[in-house]
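Same chain, two partners: chain A is paired with chain B first, then with chain C.
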Partner chain A sequence: MLYVGKDSDRIDAQDKVKGLAKYTDDINYCGMLYAKLLLSSVAHAEIVSINKDKALKVDGIVSVVTGQDNMLCFGPCIQDRPPIAFGKVRYLGEPVAMVVAYDEQTAQKACRLIEVEYRELPIINSTDDALIDGAELIHTVQDYDKTITDVYPIDNTNIASEVKIRKGNALDELKNCKFIAKGEYFLPQSDHIAMETRSAIAEIKGDGQVTIISATQSPYEVKSQICQKFKLQATKVNVIVPQVGGAFGGKSAVQLEILAYIASLSAGGRMVKVTNTREQDILCSPGRIGLKAKVTLGADAGGTLKAAHLIYHLDIGAYADISTKIAQAIAVDCTGPYKIDHVYCDSLAIYTNHPYTTAYRGFGHASYTFCIERTIDKLANMMGIDALEFRMKNLISYGDYTPTQVKLNCNNISNLPNCYDKLKSLIDWSLNNEVIGSKTKAWGISSFWKTSNSPTNAVSGALVTFNKDGSVNLNVGVVEFGQGAKTRLVKLLAEILKINPDKITINTEIDTKTSPEHWKTVASLSTFMAGKAIIKAGEDILKQLRELAAIALRCTPEDLDIEDEKVFVKYNKDFFISYKDLIHGLKFEDGTNIGGQILGRGAYGMNHLTVLAKDSGKGKPGAEWTCGAQAVLIEYDSKDHSFRPLKVVTVLDAGALISPAMDRGVIKGGMSMGLGLAMHESFYCQNGRVENTSLRTYKVRHKEDIDIEFIVDFANTPNVEAPYGTRSFSEHGIIGIPAAFANALSRAATVELDTLPLTSQTIWQQKGEQDVTI
Partner chain B sequence: MIEYNDYQKVYLNINGENRSVIIKPAQTLLDVLRSLGLTGAKKGCENGDCGSCTVLINSYPIKSCLTLALEAVGKQILTIEGLKNSPFQQAFVSHNAFQCGYCTPGFLLVCHSLSIHYPNADDQTIAHWLQSNICRCTCYQEITNAVKCKLKDILQTKKA
Partner chain C sequence: MLPFDFCYYLPRSLSQAGSLFEKLQKNSAKPVFFGGGTELISRGRVGNITFGAAIDVKSIHELRQIKDTGKEIVIGGAVCLREIAESNVFPLLGAVVKRIADNTIQNKITLAGNLLGGIIYREAMLPLLLLDAKVVIYEKNSTKAVGIKDLYLKTPLLNEGQLLVEIRVDKQKTCLPWFHNKVVKSEKIDYPLITLCAVKENSCIKYAVSGLYNHPCIIDKESLKNIDINQVLDDHISSASYRVHILKQQIQNAHKELFS
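The block that comes next holds the complex of A and B.
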């Protein structure tokens, strides 16, 4: 390989270190208007009246919009969410009115003068509350349109979707198991906390042309939702994405874009910007699902996993967004990467009066993995088998079937035993539970796997043009938000065209008018999907170069080969023509010319995926499963129950790496976020009110006084279906960390820790309760 | 004591340039800088928690979201746009010390100030200085490595 696998700087590095990278809120135009939202102060209520008279009298106001002005409902799965509430509010923080003004301060001032009268309704505070017979219904799900077919709401309940996995006969098989471990787990809702809060700008031109500028992972989804609901021709809506300051799934949801469009509509089409404050970003925009789970795993006397009975209740908050699909993603991989022939799983997306939720790094996998891996440790303990050996004995492998009955082979799943071999060499597992004074050091481990759960017809594309000097322009619809996708994609094109990556410019900004559609920049699929499109575009160019060069060199295209930006005759390298003499047509000495510019095009659509069977879940949800193993070493002090992580290790089989140092950084970032989930991150919610809505009270990980050691290693089993033997990865660093952390701390503190986040107080309370029992 | 009412013309020295700006007394330095097109200082929380808005005043890092523009009158303001050829910029690139880049200007200015005031900074001092800012993409290891590596280089150059 010339460029794949070699480290290089990020394509956007210089702009980012010079403060020149422009994010949505950095864009200002003269005459631009600003919108501010009034958020609901109650979690569940009927809106009796909204009085905007006082707000309208404020100098500098352009318009005040309420839900009554656009009674439309949006949603990528179930269309249940109004951009501004009408009739009812379903979570505290939901937009109830929007003010458009000449400046932000005036808009904010006017917002405070809007008077809303509510008639409060009973608040659904948990998934348990939501499922009680006769529970207050947050929605009438049966009345909503569905955007996709495979979402299964249950009429007259708070269930937005129910996904079932039935493989083998788990109920009977569990009765035959010698060892059965059970666990109940609770993980609270939390937030993405991308450093850039969400922001969107909209303008409607005189000819009806709509321009939306937004910090989004899903520009084509923004376009499609707005076109569909406001009945606009697709060519009339253009979505532009500048630099995006972190996303983590949170910016795949469409929210502010619709509000900005409505704001512009109300202001006669003038350009309006709406930017979240941090509080609004946490409270009003979608966060991460909560999960309550009941896990039962059974093994035979020989230590082989036999059956799993799994109930997952997702707290999706007030609206479904993509969370019904997360319920599916959890069901699809519900067992973790273990060979279990008998699986019974119900995964329910349940409405509550909490903030609504959307995709979050790992797409549900970090949540269920916690529950499975904690139970695996309990089962191993019960049997008296080493937790690492027990995992290795039961790993899923080639020839086995996933919970949705996809047969695995060396391409569609990573080599997990290889990951464990490497993990063993990186950790001193045998020194587990080393005690010095009051301090105990303990390792915890976790396996993980993940597939993509994209729509079965997700698409991507690539367009390539040449400049006259032989440099190349690559245009894709993939959004860059720090994951490094654009840097990797440039290298893929460089590799196939055998041209130096420095000569390739990729569009840092997405413009849906000119960039070929890429479904959404989610699911760790950019390199796979856009990469395959780029390789096709590259092949398209090479074919054209050969054909034109064949005329110049008076041979057939088959006689030609390509290297160093030259097309040459295979058996005589001195007989060649340079790219730059071909790319804008071939010109002869007498001035005659053949051919125009060489344009490369490549398209890719997901292959062979199926919609899952409603009753059994049988079907193919993704092209491949990327797997790995993780470990956390913690030090626990029994004197005061304090603890800290010392080492965090990931071994991931990501196939061939494109930019190893950058790739390692992305995985470490995920591990860091996983530590955040393990130790700090949670919504503290009282009666529907999230109480920690600032970064002072919602704690993300900061740099510690004493460095934590982050170690990442890779196995490199190629997937021949993917570009240059790569495998999908990006989100994966986070998945097993909370589980490994809790396994380590449970071992050190000799107490079963089954909730997150973990604090000294959690241990103290649980120890206290145990002491009382003794 | 100066009394300020409504809009006021003041002089701000930003990146070595004396600029006359019309401000409201209640405006934060962050808002004023961004209105001048200096958008390298970012809004991450507007509450002093995240450090994305960090700029240097008289070579010390401050959170411009918690500073009134008026407080910076008569002082030297350095924003990321004015940070030219700092060795930390290239070190951040080569160490992969950022991903989305949103927190990067703030971190770079913190590092620049650290190298001015504590060129011999030990690990503890480096940790304390970096704790003022949040990076959500990286695990801080790369940022720490970039800082340590460059502080060492700067010291060696001085010795030579």
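The block that comes next holds the complex of A and C.
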């Protein structure tokens, strides 16, 4: 390979480190208007009245919009969410009114003058509350339209969707198991905390042409939702994505774009911007699901996993967004990467009066993996088997079937035993539980796997044009938000065209009018989907180059080969023509010309995926499972229950690497976020009120705690179905870290730690709140 | 963005600042004294506070000095936390303020801001309480010195229009053996779960704590026995009982350290 597998700088690096990158909120035009939101101050209530008289009297106001003005409901799965609440508010922080003004300050001032009268309703504070017989219903789910067919709300309940896995006969098989480990787990809701808060701009031109500029991972989804609900022809709506400053799944949801459009509608089509403050970004825009789980795993006397009974209750908050799909993603991979023939799993997406939720790095996998991997450790302990050996003995492999009964082979799943062999060489597992004074060092491990849960017909595309000097323009619909997608895609095109990547420019900005549709930049699928499209576009170009070169070199296209930006006659490299003499047509010495410019096109659509059967879950949700193994080394002090991570290790079977240093960086980023989930990140929610909505009180990992050693290594089992033998990964670094962390700390502190985030207080409580005597 | 307009003033002397405040108050301009601004700006942003005039006190000489008079250590109200820590004139106070917020914010928060602000922990108060510091207050063309203990339970600590000029501490006392530890929930930079300061004088240890109640306070072994758990902070940082546990643990540590 010429370029794939070699390190290179990220193409967006220079602009970002020099502060030159322009994000949505950096865009300001003369005459632009600004919208501000009034958020609900109660978690669940009927809206009795909204008085906007005082707000309308403020100088500089253009309009005040309430839910009554556009009584439409949106949602990528169930259409349950009004952009501005009408009738009812369902979470504290939900938009109840929007003010459009000539400047931000005036809009904010006027917002405060809007008077809302609420009649409060009982608050559903947890998934348990939501499932009680006779619980207050947050929605009447039966009344909503569905965007997709495979979402299963249950009438007259708070259940937005129920996903079932029935493989084998887990209930009976568990009775035959010699060893059974059970656990109950709780993980709170939290937030993405992307560095750039969400922002959107909308304008409706006189001829009805709509332009939306947004920090989004899903420009084509924005377009489709707005077209569908406001009954616009697709060609009339154009979505532009400037640089995006981190996303982590949070920017795959469509929210501010709709508000900006409504704001522009109310202002006669003038351009309006709406940007979240950090507090709004945490509270009003969607965050990450909470999870409550009951896990039962059974093994036979020989230490083989036999059956799993798994109940996952997702706290999706007040609206479904994509979280019903997260319930599916959890069900699809519900056991972790272990061979278990008998699986019973109910994964329920449950409404509560918490902030609503959406995709978050790992798409539910970091959450359920915590529950499975904690139980695996308990089961191994119970059997007296080494936790690492127990895992290795039960790893899922070629020829086995996943919970949704997909048969695995060497392409559609990574080589996990390989990952574990490497992991073992990177950690001093035999020194586990080393005690020095009051301090104990302990390792914890976790396996992880993940497939995508895209629509079965998700698409991607690539368009390639040439400049006269032979340099190349690549146009794709993939959004770059720091994951390095565009750098990878450029390398794939460079590889197939055998052109130096420095000569290729890729569009940093997405424009749905000109960039070919890429479903959404989510699910770690960009390299796979857009990569496949790019390879097709490359092949398309090579074919055209050969055809034209055949004329110039007076041979058939089959006689030609390509290298160093030249097309040459096989076995005679001296007989060649350069790319640049072909790309804008072939010109002869007498001036005659054949052919126009060379344009490359490539399209890809996911194939062979199926919708899962409602009763058993049987079906194929994704093209491949990317897997790995992770470990965390903890130092715990029994004196005061303090602890700190010392080492964090990931071995991922990523297939062929495209850009090793960058790939390692992406995994490290995920590991760091995983530590955040393990130690810090959580909404502290009291009676429907999230109390930590600023970065003073919502804690993420901080630059000052960097004395942790991060180790990333790869196994490289190629997937021949993917571009150049790569495997899909991006989110994966986060998945097993909270589990490995809790396994290590549980071992060191000799208590079972089954909730997150982990604090010294939790350990103290688990140990019976021993007091100090003075 | 602050959703209100205000005028900004930069007086060069105490008397200028004082008369400005009086004049602006008379005109109902809602003046505030403005130091580092961390609290006024962050609370203003989210709409918890509004003001019509910000009188920046950072150009008033008296408020900006750190002095060692030989007898006393004097620190101006507008000296920022980082400057206190770096000057090393008052090691216990330095140790305390080094653990308030992060480096960037330590360049902004002033001593007076930490002592008088709305955030309940006021950790800089702890060394001052232990060493019986005096607080010099300016109001209506005159200054007066008040013992910190006469002040620290008042809400608000100062009346409107009063300006904290400086704090004064007996220099000898700053050399007493001391202990400081800040226990946080998980991240190093956070509000305290418990911050304990202690000094040893004539083989007797005095303790002051922040993070136990909604104000900093002096605590001794007697009052430790009579803690009303209902008054103890119980929130997302820690449960009330865990705070008491940590307090006792830290007192034990302080005792061990100061008598070793």
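Everything below uses one rule, namely that the second predicted complex is superposed on the first by the 765 of 774 C-alpha atoms of A that agree within 3 Å, B and C clash if a C-alpha of one lies under 4 Å from a C-alpha of the other, contacts with A are read in each partner's own complex, and residues count from 1 in each chain.
The working rule: a residue touches a chain if its C-beta (ideal position, glycine included) is under 8 Å from a C-beta of that chain, and two chains touch if they have at least 3 such contacts.
These figures come from a predicted structure and were not determined experimentally.
Contacts of A:702 after superposition on the shared chain: both chain B and chain C are touched. Once chain A of one complex is fitted onto chain A of the other, the partner contacts of A:277 extend to both chain B and chain C. Using the contact criterion defined above for the overlaid structures, shared-chain residue A:757 touches chain C, although it does not reach chain B.
Once the two complexes are overlaid on the shared chain, A:684 sits against chain C while remaining clear of chain B. With both complexes superposed, B is the one of chain B and chain C in contact with more chain A residues.
In the superposition on chain A, A:398 contacts neither chain B nor chain C. By the touch criterion stated above, A:112 is placed in contact with chain C alone, chain B being left untouched.
Using the contact criterion defined above for the overlaid structures, shared-chain residue A:244 touches chain B, although it does not reach chain C.
By the touch criterion stated above, A:692 is placed in contact with chain C alone, chain B being left untouched.
Overlap of the chain B and chain C interfaces on chain A: residues 277, 694, 696, 702, 704-705.
Of all residues in chain C, those touching chain A in their complex are 1-5, 42, 45-47, 102, 185-191, 221, 224, 235-236, 238-239, 241-242, 245, 248-249, 251-252, 255. Residue ranges on chain A touching chain B, taken from their complex, read 9-10, 12-23, 25-26, 28, 193-197, 243-248, 275, 277-278, 481-484, 661-662, 664-666, 668-669, 671-673, 694-696, 700, 702-708, 710.
Listing the residues of chain A that touch chain C in their complex gives 104-105, 108-109, 112, 277, 279, 640, 679-680, 684, 691-692, 694, 696-697, 699, 701-702, 704-705, 757, 759, 761, 764-765, 769, 771-774. Within the complex, the chain B residues that touch chain A are 34-35, 38-47, 49-50, 52, 79-81, 83, 89-90, 92-94, 96, 98-105, 108, 123-124, 127-128, 130-131, 134-144.
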